[in-house]
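Chain naming follows the written order as A, B, C and D, and within any one chain the residues start at number 1.
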């Protein structure tokens, strides 16, 4: 038990080193437009959080109800993030749709 | 309003949207009315029909019915979908100003509306428009959030500080109509009202002729363009303005945006936010150095430059022009990202 | 759990037995943490949305921070979390001495974390990076900062102060339990409480695990 | 009561008799006493909010609003909104009836965390004191929505004080929700499976999910507003790169689900009352329970419909509009099932039943007018007008307050042990229904005509409808004062109620009225589902639903 905790701790430190190292690479220069820096940082953070939750917080041996509680908070945050970002990502992005033609009934009233 | 009766039950119908909106209202009202009556009648009927006759009465057990549940989930949902599609279609129209619209600048501030026509005519808390012409309002606020609401046109749009929003309509019926600020904006919110006067095109022309115009915004913008030194860079080491408005601009992060009013505003006040592909982020911010009105003027000038070169075709299915990056000497260009 | 469990202490008035009480305590702590996820999360998401709008300025802001101090702090906090996990494990085995020792290690590392954080704030004060106190649009080396760097710094201070505040609450709890744990029988009776405190402390650690990359490491727009 | 329920021990003294000193109330851990404390506090807040509403309606009698100045009027509607939303509606049913009844309904001696329960009452009161002190100090004029940048940079009223009050009260909400969730998970008596749980508990479970997961977002948002005001920095102020729409996203992510915090407990009450006075199991129990959870979940996905014209992306509008229509389905399921419950029932139109039927009617109108606002193109015309005011008052006052009155009258005999005069109750219920409709129905018309909300003065053609509305409000006020009088009267002079005056099923009716301090002398065992009215004996009371057989002494080992 104690040994497995130590292994987790060591893994966490490795992941920390990895995320710091990744921060000094400008991924956008090589793979533009995909925000790889953010993706990698977030993925490593999620991995670390999972390790802490599953082993340090012994979620792995807790009941399913407890796991559901733990997931609920994250899920709700995801809901907020996805729907809010859906707004921001399409905000100043008027597509051709905006300019493509006009509704019929308006043409009738002006032409 | 002078020509309105002191009491009325329904608002005026004075724009192309108001008829379309009322038709949709009628549909939703019909559906809702049907269900309201249904529930009311059932409740009253059951309450009378099955009222308790003796204290010891024990009614039979009814567990429920999956079939009924499905029926009263699916049928309402179908009707809701009709509302959703119909409402969204009309909303889409409300969000698509035609490119040939007459463009009028609106600035909201506590607690008045300042309006300037493309010919330079200014109005406060009043807006004169002709019938039958698409009018596009380009709006911003100097302080808090306001809202440009004309009930007779069935249009409403929050006016935000720090960005441009648009709203458009075609007026159909001459008359005077209320203009309300509809987003709470402080002490005199309820006094931030005005009048929209709709005139026949002939009356509108004579009204225009009767107002002494200020300098045309586009003209003022041209002077600003020169006096602030924009002309030193743009077209040389910075992207040219010709043909920019309403074209698709490739950005350094690989995405593309349409150069609408909001994009132009942002590019003047926060140039670092969106960098045109291939250019260095060298432009200083003009935030705090230009008033909202001066930004309007610069944009009016940029629009005029665009119409001098390529104007997007105004027929249905027209494609937006792609912004042409002018050829620059290599010294001025940055390596495009992704191609080291 | 080992077999040499002492006599089961009576559960609180409203519970039937110790198992029910322990279950309620665990669920309660997790429900609280779910709430906390949204508390911190809404602020982090706000940060990311503003970053979406001002990538240049926020990258510049990240570069103003001392990433190596943040990295050291992450390691310190991970270590303290590890010690806490050991303390909880010892509490399950009902070894009071080991509980106290590990709690003290946890608390010391927590205090070191706060000390480093304080040093960092000092350096930021020196760099004129604290909004509303001494923020300056010009960096000490004379370079002009983008205006939205200030916005980034607001988020930085809100998030780190809020996190530090949670640390203080946790440290207080650890202190109280570490002192009481000297009493005979306390550890046996307070398994739920030590476990709950552990959950809380690990959560605070997880928050930092996200704050560190989101604030310090997004150095490229 | 003449039920066949086995009661093993002689009646214990009621929770009201267990200690008479002030401290025995203020330091109590008993969920029933805390519920009473809450009841007293929210009544006080309701009166404050009601006075503000009365003054507003009086001011709106004339188009130029000559009774009040614009500044004073703005403070009135802000105070009305803040007090009514956070200090009356959100705590109303959960903290009073929910607190009192959930342990009784599931066969527990108390909530899982009694001390936390008391703490949340104190937090609530402290939050209230902050907010009321802002009122005394001169008020706030931002509207209850605190839209930025007006609230953060422009208003020079006591925004911070108010916001701090709401922030503190928010933690009270979180703790209450947490307590309910844990209680419902871990404290159910043997045999009280989820599928046997009264719908009251299902709805409160759904409410608690929202309380726990939405409230922290509000707390953080308001904290950011306070920070922005105090330190003059810009998170939501566009001048410094902030974004006013971000505030609206954060605010409505809480405040839209908050509407369901208000209405779900109302639905909880109505399910119980209708089952009792139709003497029937609620039609489609599983669907009604599921609808509560569905409303809580989908209710989190629709907040953007408050922002269709706020400058949000058009695509955001489509998504949120669609999801808003989806949430209408579970609400409709509830209404249809309640109506179907009446079919072939044995319906007794007592005071609680009148309120419950009134609830259904008003909720139908309020809910269906929501469809206008969910329809994108119509929302453009209707949002921020009196149509919205009318719509959400039909939900919150017509729905939540009617349900609160229904529940209060239904469980009053259980809470106090006394009956109120039935005739007075019925008259008050009818007055409230009539007054409510006269007050708020004209506002739908006003809104469609285009009268914006939060207007101190208005165009003269709106006056007739406004006068109607104010006339209705005065009737409504009479309707609200009446119960206050006769309920207080009944405390001393009301007839002794008996354990189960309505011959209702449900475990709360098997204990004495008022219940003893520890609720159940021994832990009950449940062996039948809720609302088994068909098993009822002719004399009333449960047949075989609840058999309180001692399986374990109260305290382990002792």
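Structural remarks
Quick note on the criterion: a residue touches a chain if its C-beta (ideal position, glycine included) is under 8 Å from a C-beta of that chain, and two chains touch if they have at least 3 such contacts.
Given the structure is predicted, the values throughout are model-derived calculations rather than measurements.
With chains reduced to the mean position of their C-alpha atoms, the one farthest from chain C is B.
Set side by side, the interfaces A-C and B-D show unequal numbers of C-beta pairs in contact, with more at B-D.
A separation of 21 Å divides the Cα centre of chain A from that of chain C. Taking each chain's centre as the average of its CA atoms, chain C and chain D sit 35 Å apart. Centroid to centroid, with C-alpha atoms defining each point, chain B and chain C lie 45 Å apart.
For chain A, residues that reach two or more other chains under the stated contact definition are 28-29, 65, 72-73, 76, 80, 84, 88-89, 93.
Counting partner chains per residue, chain C has residues 23, 27, 31, 34-36, 38, 42, 49, 53-54, 57, 147 touching two or more of them. Multi-chain contact residues of chain B (touching two or more other chains) are listed as 20, 92, 95, 270. Only residues 185, 209, 213, 217, 245-246, 249, 253, 300-301, 303-304, 312-316, 319-320 of chain D touch chain A when the two sit together in their complex.
Put simply, chain C touches chain B in their complex at residues 53-54, 56-57, 146-147.
Within the complex formed with chain B, the chain D residues making contact are 65, 70-71, 74, 141-143, 145, 147, 149-150, 153-155, 238-239, 241, 244-245, 278-281, 283-287, 308-311, 314, 317-318, 321-322, 325-326, 328-329, 332-333, 335-337, 339-340, 342-349, 357, 360-361, 364-365, 368-369, 371-372, 374-381, 383-385, 445, 448-450, 452-461, 463-464, 533-534, 536, 538-539. The touching residues of chain D, counted against chain C in their complex, run 103, 108-114, 116, 174, 177-179, 181-183, 185-187, 212-217, 219-221, 223-224, 227, 230-235, 240-243, 246, 250, 253, 518, 523, 552, 554-558. Touching chain D in their complex are the following residues of chain C: 8, 10-11, 13-18, 20, 23-24, 27-28, 31-32, 34-36, 38-40, 42-43, 46, 49-50, 53-54, 57, 131-132, 147-148, 150-151, 154-155, 158.
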